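Just passing along the structure, written as structure tokens.
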Amino acid sequence: MPTTTATIPSGEVNNHYPPATSPTPAPLPFTCASEDEGWVWTQIKAEARRDAESEPALASYLYSTILSHSSLERSLSFHLGNKLSSSTLLSTLLYDLFLNSLTTDPALRAATVADLRAAHVRDPACVSFSHCLLNYKGFLACQAHRVSHKLWNQSRRPLALALHSRIADVFAVDIHPAAKIGKGILLDHATGVVIGETAVIGNNVSILHHVTLGGTGKVGGDRHPKIGDGVLIGAGATILGNVKIGEGAKIGAGAVVLIDVPPRTTAVGNPARLVGGKEKPSKLEDVPGESMDHTSFISEWSDYII
Amino acid sequence: MPTTTATIPSGEVNNHYPPATSPTPAPLPFTCASEDEGWVWTQIKAEARRDAESEPALASYLYSTILSHSSLERSLSFHLGNKLSSSTLLSTLLYDLFLNSLTTDPALRAATVADLRAAHVRDPACVSFSHCLLNYKGFLACQAHRVSHKLWNQSRRPLALALHSRIADVFAVDIHPAAKIGKGILLDHATGVVIGETAVIGNNVSILHHVTLGGTGKVGGDRHPKIGDGVLIGAGATILGNVKIGEGAKIGAGAVVLIDVPPRTTAVGNPARLVGGKEKPSKLEDVPGESMDHTSFISEWSDYII
Amino acid sequence: MPTTTATIPSGEVNNHYPPATSPTPAPLPFTCASEDEGWVWTQIKAEARRDAESEPALASYLYSTILSHSSLERSLSFHLGNKLSSSTLLSTLLYDLFLNSLTTDPALRAATVADLRAAHVRDPACVSFSHCLLNYKGFLACQAHRVSHKLWNQSRRPLALALHSRIADVFAVDIHPAAKIGKGILLDHATGVVIGETAVIGNNVSILHHVTLGGTGKVGGDRHPKIGDGVLIGAGATILGNVKIGEGAKIGAGAVVLIDVPPRTTAVGNPARLVGGKEKPSKLEDVPGESMDHTSFISEWSDYII
Amino acid sequence: MPTTTATIPSGEVNNHYPPATSPTPAPLPFTCASEDEGWVWTQIKAEARRDAESEPALASYLYSTILSHSSLERSLSFHLGNKLSSSTLLSTLLYDLFLNSLTTDPALRAATVADLRAAHVRDPACVSFSHCLLNYKGFLACQAHRVSHKLWNQSRRPLALALHSRIADVFAVDIHPAAKIGKGILLDHATGVVIGETAVIGNNVSILHHVTLGGTGKVGGDRHPKIGDGVLIGAGATILGNVKIGEGAKIGAGAVVLIDVPPRTTAVGNPARLVGGKEKPSKLEDVPGESMDHTSFISEWSDYII
Amino acid sequence: MPTTTATIPSGEVNNHYPPATSPTPAPLPFTCASEDEGWVWTQIKAEARRDAESEPALASYLYSTILSHSSLERSLSFHLGNKLSSSTLLSTLLYDLFLNSLTTDPALRAATVADLRAAHVRDPACVSFSHCLLNYKGFLACQAHRVSHKLWNQSRRPLALALHSRIADVFAVDIHPAAKIGKGILLDHATGVVIGETAVIGNNVSILHHVTLGGTGKVGGDRHPKIGDGVLIGAGATILGNVKIGEGAKIGAGAVVLIDVPPRTTAVGNPARLVGGKEKPSKLEDVPGESMDHTSFISEWSDYII
Amino acid sequence: MPTTTATIPSGEVNNHYPPATSPTPAPLPFTCASEDEGWVWTQIKAEARRDAESEPALASYLYSTILSHSSLERSLSFHLGNKLSSSTLLSTLLYDLFLNSLTTDPALRAATVADLRAAHVRDPACVSFSHCLLNYKGFLACQAHRVSHKLWNQSRRPLALALHSRIADVFAVDIHPAAKIGKGILLDHATGVVIGETAVIGNNVSILHHVTLGGTGKVGGDRHPKIGDGVLIGAGATILGNVKIGEGAKIGAGAVVLIDVPPRTTAVGNPARLVGGKEKPSKLEDVPGESMDHTSFISEWSDYII
């Protein structure tokens, strides 16, 4: 890792790593978290500098949002503060709030970096880290959620809920501050995602837009889904109740799931059924939350009859 | 009710009523509308005062939006005016518009109070009346819709449509100004709700996010669904055409409904079918729009085969 | 057409053409593109003038957005510049960008006019051209997308993606800048529409809200749907992968489509099947993207069993 | 008066009254205050309508600020609310504050009308009432001061001082909320005017820019000038201490006055002296605050020696 | 000139010309106006690029205001549009207005360049052309005035007056749109400058802050000062009435001038007198509007008696 | 002091110290700087809390600007960031800049506290510390200047000049970033103050509005006034050139001073002369910058002849 960093001249983007659309990315150069954080921030600045030079109309935006800042957490806090501010919740207040949380909590920063990598590796339309940082509403909503979650856990609930409301207004992503979310999360497209109060999401999960992890009714308590590591949830899928989606499972687009899904199986349709059948469902070999394979099950889906 | 009010010292929140997650809430202290309105407003102010004291970072927002106002309609008009304003539709204009409508029409204010109560009783994540007033985009979209509906009926259609457009942009909730909506409505999460021009919605209805009450095509006239009292429509359900959803019926998440659903039955799936069968559907005993039970039908849904 | 124009006194709206809810509109007076453009602009100004007179509260908005401008492209550039601006992407920058693209590219302007006509003819809730220009988020998102697409093709990709991000935030419509979209497009309601990088959409297509034209996974390359001319895609439908939806086909609301759909057939359900059966699907006689008939297939859909 | 009003067709400006630069204006049609108020408001609307028609680029501004309002006090409250708002003092709050004061206090409205007339009659550069209402920072600062003075007298001092601060920032006019100001006041150009806490200004006074009515030091109590009716104070004049400027006196531009000035005399220079000499000063025959004669004393000013 | 330009590598500032504080600047490389314009614009961009590189916190501002623009008139129009905009006069409208005037009128652009040079040569605190363009409120007010003057002459008077009002609010510089102003003008510091309707100012005039060129009273007609070429007017000087200040004259700070001042003489004091005496005033040898010598007359001023 | 602090219950304002209009204030409880800073901040918060309770309309402003902050430097940075921000220089950037300077430089904070005390003790219209912090444009301009001066000394000159420009636009106070200013400064009313590049101002100086400390011409170098400790400069006074105003001197309102003024003397008039005569000027016994006595010299001013 240090070697690689040393070979990137300031101002140049390291296009060799990781190739955006490579089917088999080289293993990520994970070292310790803060080194990794520094490497990604260096990449982001190099990308932004390249783009500012090629596109003067965007340079002001790139400087204000990225290049004028001394760290990733300052850049992100500035960007979220501006995006989520309103006439009654000013950007300086939000900026302060984000900056304070991100500065004092290395786990938040590590999760941010893991999410940036997740988008970069899994989404072929993600052309750079800075593209994700600037433009992915799912990424931004997720980072803001983590701060609202931290506030919730500090019993600063009215503030957590106000932040929740701004995220829902601005990004159309509605994640209850109490919901627990892992690292390496990709909320792709993200519009319309709803994640309820007692939901839990593992690491390396990919969730498409319009996905609901909803509750069962008006009784409180533990009432939302638990999503295992490496799960992929397709666009428009609805999962309701305190059900368990096993690790590495895949939920097809538009599926409506009301009971548990075993690990490494695929559930599709409304009502949902397991591909391969309830008794002997087909087992997945890759990790769908990372491979993002949405459609390969078609060939063996007996209901699929067009 | 007066007794209760009398016992709440200014600045304290009456946490005894109604307990946010109580499974069996005590009967609501309904009296006459304006007394009820006053009681709710007193609660909202007490909640906001408590939150302002515990969270200085939010105090400015709570004072500007709630505590500096002399009535619920002023607070709501201010909040909606700010949320829905743009660089070409200024907040003062919208504030005036909302305030004038709410001040002169007690039915609008009564519907607001009924909606606040609906969220408080039905949604276990709703921690207080002020939480709903400040943060629920479904609640806010619904109040703004009622004003645009009033303008529509006064033949101020260009203004009604401009307001409609702002609600759709800001909250991602798209309710045609001509649509008729009852009281005690809960639009939970609300992102992506679409309700067409000739739709009619009864009282005490609960509608989750991504629900469509859509039309049948390009011919005008009466072409959208009619939703009876007490109906619950799950997340992502699509109901198309001038069909009747009988009172107390339940539409499952993701259901696609194109023909009538009898009262107190449950329709699920895409295409939708009745739980219990077309000939002898199971009859619901509670009011699903109020009980919010999304998933209890699973046990008797023959198609549900994961 | 010139005759007709001549007979509209300035300040009056030509309500005779085309009647908003007429089931059989008179043939459109297409002549050359720029003449058509001028005619529509004249109509829009007459409508706005009429509305400004009848509704003083809206007059400021109508003057700033329409009546103070000398051409449709100026009005549209102003409106989009305001709607899509943020604290770090100023309205003047966006205005300049839109105006420059629209002024120099007659094809963009012709597509705008075709989209205005599409909304006017196909959507009975569309009361006027100005209503569409001012208020339809699908229309506005589509026009902004065409400019971001042009930037993408000029290799100004960071700017195209920044614009893409603003469209997704503001309208909750997520169209990748590389996606190719024809003319005469109606994105009705539009919230939650997602259209991927290698998608192609023909002419005279109508797409409802929550529709996804998505990809197949993390491998790049041609991986999104191809939509033929005249297709209608119902609310919440999900089409995934490099599949072909034949010209004049209809995709029912909530359908999940993973393989090709033949021309002039109807696919419904999750998983989707063809109405009339896989072997001998029923053939449509009208063009669904124009007739907007969402529900007439019910009578012959064997699965539909409520 | 009613006759005149009746003869102005809507949309036409009554240019016959009062001719902007007429040396001898016809006597003002004073009747009762509210009738007068109505007449001026009718004029303002007619002027704004004429200007909106001739200048589309300004129409939006004229509609939002004047033509969309039902009364002069609403228009003025809207205009002041926008001008004086900041990111922490929102326009709706200020609008409400102004509207409430102006609506409940006829004396405030009568003073506004008298000031509009003063500018119209005395300033040859004032082309219309609406020109003054929209553009004269002295007029606007004076109206806002009257509301802050009212708040001061109601013991709402922190709010009065906050308003004072906004007026000083926005208009560079610094009038202490406690200062008492009469009617028919013209603050011409107005930049840099400073009027201290215990100053008192009579009726029909004209004050040019950079004029100071200042105090004597750090001891409190009555320490600022008292300005009689009909006084004219030239640009840059400085009057310090609890001195009395007699009615109908004239203070020359740049004069520095530290002791009393007798009625109907002229003080000029730094240090100031009386034109005509201390013992037998020349007596003015017209009312300088109304005639606005700044320079006719030159011929008899013995010091004037260029 | 071309030679010089050719030797400035892109990104480097030509600090050799003209040295900011040089007592005897080399003759300006005047050629034809548009070449000159191009040379200054090249300088400005080089300065801004240097500053953006050395100061990341300012880079966003420099890119948005200067470096993203293709010409001086676009940069200036953008800057003025932002500075002068308000919630009811949007920046895009003003940008359009300025850009249209500057693009179509080479004389306006030549005056802008002459004013930039004037500040650069005459004000030792002016460190660069871009410093003046960005930060000098006198320069900006003067450019905006020229556009309002053009509108006035085109009989677009309500718009000219609205612009006048914005300039007076934002810069505290109050120049009536009808006032005629030459080229090579320096309004140094500028706060509080007031210039009346019938004032005329020649070329190469320097005017300090708080200077008044005022009228004589309420009668219309030609009533303001006429300032000859090369005049210097010191801080706080007040000149009233249709008097003539001869070319190359100097008016001392705080002087109050009510009658003509001969060419190349110096008037000081309140009331003003000529240095050297009324009969045989001292004659100036340099051009005070260019040499900016404020104080050298002291030695021969007989009144000066500290 | 600690005793006193201990006896002020939180939420109560210590009205006993120092009485706003007391002619002989008790000696200030100076101890070490940071203790003093803490005491003033405690006072400010108590005042703001009292005002927020008595005036709900102002509470939001008081919370956002004062009560939500944990220190005086955060409150001041937030307030200045909002006041000085523009559409191209965002509040978060300025907030960061101010906060960073104030946090790392105790001398800046000590000067702020000394200025707050100066306003409180010397200006009878200053009702509280929070009144000064929130509303005094002279105080705010001075604090912002100190940060721009620090940037200037760090060779961040383009940023220093941009800040200078914002201060001049917003407060109409124009202090060159290079000017050196002491502590305990009162800029009373402040509009129109101009202080040049090489000016130096001592401690405990009071300067009224429209005061100019100007240069001598276009030659660079040391060319602005040097103001000794304890000087009082009256409204509209103009001091030009590298002249020395001796400690404890008083410059009368409107005086024009071009040569040195001896310590503890009084200069008045235009041209200025010494009270008591050039040879044997009257000697002041108090410190005019602190006593603020503007007018007591009248009795012995021989020129004063009204």
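Labels A, B, C, D, E and F are assigned to the chains in the order they are written; within every chain, residues are numbered from 1.
Convention: a residue touches a chain if its C-beta (ideal position, glycine included) is under 8 Å from a C-beta of that chain, and two chains touch if they have at least 3 such contacts.
A quick map from chain label to UniProt name: A, B, C, D, E, F = serine O-acetyltransferase.
Computed from a predicted structure; not experimentally measured.
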{"item": "Given chain D (serine O-acetyltransferase) and chain E (serine O-acetyltransferase), the chains that contact each of them", "value": "A, B, C, F"}
{"item": "Selected pair, out of A-D, D-F or A-E, that shares over half of its residue contact pairs with D-E", "value": "D-F"}
{"item": "Chain centre separation (chain A (serine O-acetyltransferase), chain B (serine O-acetyltransferase); CA means) in Å", "value": "29"}
{"item": "Mean-CA-position distance for chain F (serine O-acetyltransferase) and chain A (serine O-acetyltransferase) (Å)", "value": "51"}
{"item": "Distance from chain F (serine O-acetyltransferase) to chain C (serine O-acetyltransferase) - Cα centre to Cα centre, in angstrom", "value": "60"}
{"item": "Where chain D (serine O-acetyltransferase) touches two or more other chains, by residue", "value": "57, 60-61, 64, 68, 82, 87-88, 90-91, 93, 172, 191-192, 210, 236, 254, 270"}
{"item": "Pairwise touch network: line, ring, star, complete, or other", "value": "complete"}
{"item": "Chain A (serine O-acetyltransferase) residues touching chain D (serine O-acetyltransferase) - in the complex, by the definition given at the top", "value": "87-88, 90"}
{"item": "Chain B (serine O-acetyltransferase)-facing residues of chain D (serine O-acetyltransferase), complex", "value": "60, 64, 68, 78, 81-82, 88, 90-93, 95"}
{"item": "Chain C (serine O-acetyltransferase) - residues contacting chain D (serine O-acetyltransferase), complex", "value": "52, 56-57, 59-61, 63-64, 67-68"}
{"item": "Touching residues (chain side chain B (serine O-acetyltransferase), partner chain C (serine O-acetyltransferase)) in the complex", "value": "86-89, 93, 97, 156-159, 161-162, 164-165, 168-169, 172, 174, 176, 191-192, 194, 196-197, 210, 212, 214-221, 223, 236, 238, 240-241, 254, 256-261, 267, 270-274, 278"}
{"item": "Partner chain F (serine O-acetyltransferase), residues of chain E (serine O-acetyltransferase) touching it in the complex", "value": "20-21, 23, 51, 54-55, 57-58, 60-62, 64-65, 82-83, 85, 91, 121-125, 127, 131, 134-137, 170-172, 189, 191-192, 208-210, 234-236, 252-255, 268-270, 290-296, 298, 301, 303-306"}
